[in-house]
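Before I ask anything, here is the structure I am working with.
Letters A, B, C and D mark the chains as written, and numbering starts fresh at 1 in each.
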Amino acid sequence: MDLSLETRTEGDRTIVVVGGEIDVYTAPKLREQLIDLVSSGAYHLVVDMENVDFLDSTGLGVLVGGLKRVRAHEGSLRLVCTQERILKIFRITGLTKVFPIHASVDEAVAATE
Amino acid sequence: MDLSLETRTEGDRTIVVVGGEIDVYTAPKLREQLIDLVSSGAYHLVVDMENVDFLDSTGLGVLVGGLKRVRAHEGSLRLVCTQERILKIFRITGLTKVFPIHASVDEAVAATE
Amino acid sequence: MPTVELRFSAVPAHVRTARLIASTVGRRSGLDESLVDEVRLAVGEACARAVGVQQAHGVTEEVVVTFADDEGTFAVTVADHGQAEAEADLADLIDAAAGLDGTLPIGFGLAVIAGLVDDLEVTSNGDGTVVRMCWPLLVPSSSS
Amino acid sequence: MPTVELRFSAVPAHVRTARLIASTVGRRSGLDESLVDEVRLAVGEACARAVGVQQAHGVTEEVVVTFADDEGTFAVTVADHGQAEAEADLADLIDAAAGLDGTLPIGFGLAVIAGLVDDLEVTSNGDGTVVRMCWPLLVPSSSS
């Protein structure tokens, strides 16, 4: 299964809807997308992971890279995820302390820094 | 995917409905079933292969073995199959000349020797 | 150069694993979808044959399968360490099947493969048999 | 005794093949369904790590994965021929990820595996690293 990516904006937030598998094979595509967004001035990102079936450490690395990049512009990167098996990966790597994780896109968009 | 087997009788015919994969791993189960039927006096068999997803040469071997067995009792073994990829296997092995192959169970049951 | 190699103990259950790998590696190599079914069946036959030959002779060595995509061709080899069966034609095999209760008509496998695969090479030596099957790739491979 | 062994060129696409094999062979070995996800992820991490380490050092040898079910245990080993990465803790790795544009934070992989797998053994020597992971099997294996 491949990676699918869709972006849309709500106010000053850019929502990236990710679907499929974020793994060593597809992670470069997501990295490019995040870099493109930051380059074009989108510094407040919400990554919707509700349709992600598989996430591995290379995917985590890309998300962390994205976070560093938006922070360099005083931006934010919020995740939307309620899937237990995906959340587990954030938990065991301690990344739940690094990323704000929300239960819905609305909640993420409403959150203030 | 595993093999599923169901049998029922219509007059003097016994219909064996096979589903799933008939391969080197599951073929012994089908062989047993055919042997049991013949031992219990069912000599006119109709094997319904419409729900078979996969058939390999060990499956063919079991069917040929069944045919020999019923013929020893003046019986018959008819197949029901319309799936092109399954029919192809019968064709390339020349077994279309060995087995009567029907488009439906009704047609197979109605056929006379 | 083989890009994926699989070795498995000569038991029927692993033939399914080999089939599954054949279709996924084949797809990933750019095999046309219309050929995937055929590749899966042919690789399954070759592996079932290898398992059957080895079990018939009590050989416990592993069966070795390689998958390679090379210059527009998807090549699969299946190597066993059993004694090759005698060549037989299908009519004989169908007769032979008459008495079969416990053993499987191994020769069927090669007959099915020969019917399915145009580019087929079967070589036997003292050590066993290698079945080599090739299919054309229509699109350039996405892996290497 | 390994019952299935897989060798593949060190490219990301084959990591998916390894994952797929991990879940099917694991299931067939009698792995509890609740563990299959974990096994797939852990094997994928170990393979992605092996591919990453080898690509970082330009090593073209094949990555070797073995699957064995033995005395109530499902054991998987993943062996590479790359130089092992230095041990690192996650905090450092998260910092290190800051500068990452083209390279992947390989160390993450081992950290994820360590978080997932209780019975884990990582041994490195001059030739490469072997990651060995074991999970309990609840039911007797149906293959051997």
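Here is the rule we go by: a contact is a pair of C-beta atoms (placed from the backbone, for glycine too) under 8 Å apart; a residue touches a chain by one contact, two chains touch by 3 or more.
Source: prediction; values computed, not measured.
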Please check whether dropping chain C from consideration leaves the other chains as one piece, and if not, give the groups. A, D | B
If you average the Cα atoms of chain A and of chain C to get two centres, how far apart are those centres in Å? 44
In whole angstrom, what separates the CA-based centres of chain A and chain D? 25
Between the Cα centroids of chain A and chain B the separation in whole angstrom comes to 54
Rounded to the nearest whole Å, what is the centre-to-centre distance of chain C and chain D, using the mean of the C-alpha atoms as each centre? 28
Among the residues of chain B, which ones contact at least 2 other chains? none
Could you check chain C for residues that touch two or more other chains and list them? 13, 16
Chain-chain contacts as defined at top: A-D, B-C, C-D
In their complex, what parts of chain D are in touch with chain A? 12-13, 15-16, 37, 41, 44-45, 48-49, 51-52, 90-91, 94, 97-98, 100-101, 104-105, 108-109, 111-112, 115-116
For the complex, give me every residue of chain D touching chain C. 1-9, 11, 13-14, 16-17, 20-21, 24-25, 28, 62, 142-144
In the complex with chain D, residue positions of chain A that touch it: 21, 23-25, 27, 31, 35, 54, 56-58, 60-61, 64-65, 68, 85, 89, 92-95, 98
